Amino acid sequence: MKVIVDLCVIPLGVGVSVSQYVVACEKIINEAGLVSRLHAYGTNIEGDWDAVMAAVKKCHEVVHEMGAPRISTTMRLGTRIDRDQGMQDKIDSVTSKMNG
Amino acid sequence: MKVIVDLCVIPLGVGVSVSQYVVACEKIINEAGLVSRLHAYGTNIEGDWDAVMAAVKKCHEVVHEMGAPRISTTMRLGTRIDRDQGMQDKIDSVTSKMNG
Amino acid sequence: MKVIVDLCVIPLGVGVSVSQYVVACEKIINEAGLVSRLHAYGTNIEGDWDAVMAAVKKCHEVVHEMGAPRISTTMRLGTRIDRDQGMQDKIDSVTSKMNG
Amino acid sequence: MKVIVDLCVIPLGVGVSVSQYVVACEKIINEAGLVSRLHAYGTNIEGDWDAVMAAVKKCHEVVHEMGAPRISTTMRLGTRIDRDQGMQDKIDSVTSKMNG
């Protein structure tokens, strides 16, 4: 089952600057070979359900290892069985109608 | 790694009434032996990361099997390594201060 | 326009214990006369759109005043125009089918 | 109070294809003069709290007028008082460390 996820990992108890933890998560996602794109409030990830979820779990493990005692993550998870649709397809289906 | 999740599964393409799909997810969570509590906009679930995530995946699989061509789920996922805290502990830590 | 919201306010830069900030938000919601119910990963709130959003804004203002330099909130917002449905109706529509 | 929002509006009861509703929301956000950027699972919006929230409310109103009987939206809302930070600053703070 393919999934498109929007992931936002928030470490607590480590101050206001959290970018180093986001960087660590980006590396995990990239090393997993997943298609992803960072935005200003999270990261879009596309891939097989199990591979994506394994990466999310590793993000929590690594961010804890880096010193964050607590993490509060939010995710959106989209699956569909009617047709194959990637991240770029979703954006294109909107922008094509914006310009139309 | 223990996790407290807040899960909201939204099936698309099946009309406005989605309670039968929520019921199916509740049954999956209960049959997995996970501690959970339904609220008006989702379900709190507490348990081992892998067990909780397996239940979430099964929710997507079953809701698709029930006829939903598309699903958009949102989750909050909380982990902490500084101390053990369950769902009821989180509520108690607030309500004790409310009445104090 | 009536809305049912699920609100989770996460203050950053104030350590791992955030319950005092949740308490402050609960008081704001109660004082606004809104129907609400706390759960383990947020609070359900029901009411007029503008009244609910005014309370959410006040939560951010007060949590900043309490000393949190940064806040990351997540919300689900449900509106419907086909029929009137409250928080308890949503729960009942699920639980009645669970026991059926 | 400035806010960075990540908005995802999901209309229910209108089938699986929701891009026309996303397009309508993009137009509302643009016409409000807000800085925004579409991604594969939502839209980043930056601006004054009241202006952003007025646009979100208008999205619900317009999507209902377009025929959606029910809407389930998710939002992340970030505010900070320690320093001024825009959407691009957030991305830059990560990407600069990625390449470092």
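Order as written gives the chain letters A, B, C and D; numbering starts at 1 within each chain.
Basically, a residue touches a chain if its C-beta (ideal position, glycine included) is under 8 Å from a C-beta of that chain, and two chains touch if they have at least 3 such contacts.
Bear in mind the structure is a predicted one, so any value in this text is a computation, not a measurement.
Engineer: After a C-alpha superposition of chain A on chain B, what does the rotation angle come to, in degrees rounded to the nearest 5?
Structural biologist: That pair's rotation angle lands at 180 degrees.
Engineer: Over half of the interface residue numbers used by both chain A and chain D, so same, or under half, so different?
Structural biologist: Chain A vs chain D: same; shared/all numbers exceeds half.
Engineer: So, what's the distance in Å between the C-alpha centres of chain D and chain C?
Structural biologist: Once rounded, the distance between the two centres reads 19 Å.
Engineer: Between chain A and chain D, what is the gap in Å from one C-alpha centre to the other?
Structural biologist: Taking the average C-alpha coordinate of chain A and of chain D, the gap between them is 17 Å.
Engineer: Taking each chain's centre as the mean of its CA atoms, how far is chain B from chain D in angstrom?
Structural biologist: 25
Engineer: Find every residue in chain A that makes contact with two or more other chains and list them.
Structural biologist: Residues 8, 13, 16, 69-70, 72, 74, 76, 78, 80, 82 of chain A touch two or more partner chains.
Engineer: Graph of touching chains, which shape: line, ring, star, complete, other?
Structural biologist: The chain contacts form a complete graph, every chain touching every other.
Engineer: Please output the residues of chain C touching chain B within their complex, sorted ascending.
Structural biologist: My answer: residues 4-6, 8, 16, 19-20, 22-23, 26-27, 37-42, 44, 46, 74, 76, 78, 80, 82, 87-88, 90-91, 93-95, 97-98.
Engineer: Chain D touches which residues of chain B in the complex?
Structural biologist: Residues in contact with chain D: 8, 10, 12-13, 15-16, 18, 69-70, 72, 74.
Engineer: Write out the stretch or stretches of chain D touching chain C in their complex.
Structural biologist: Residues 1, 3, 13, 49-50, 53, 56-57, 60-61, 64, 69-82 of chain D touch chain C in their complex.
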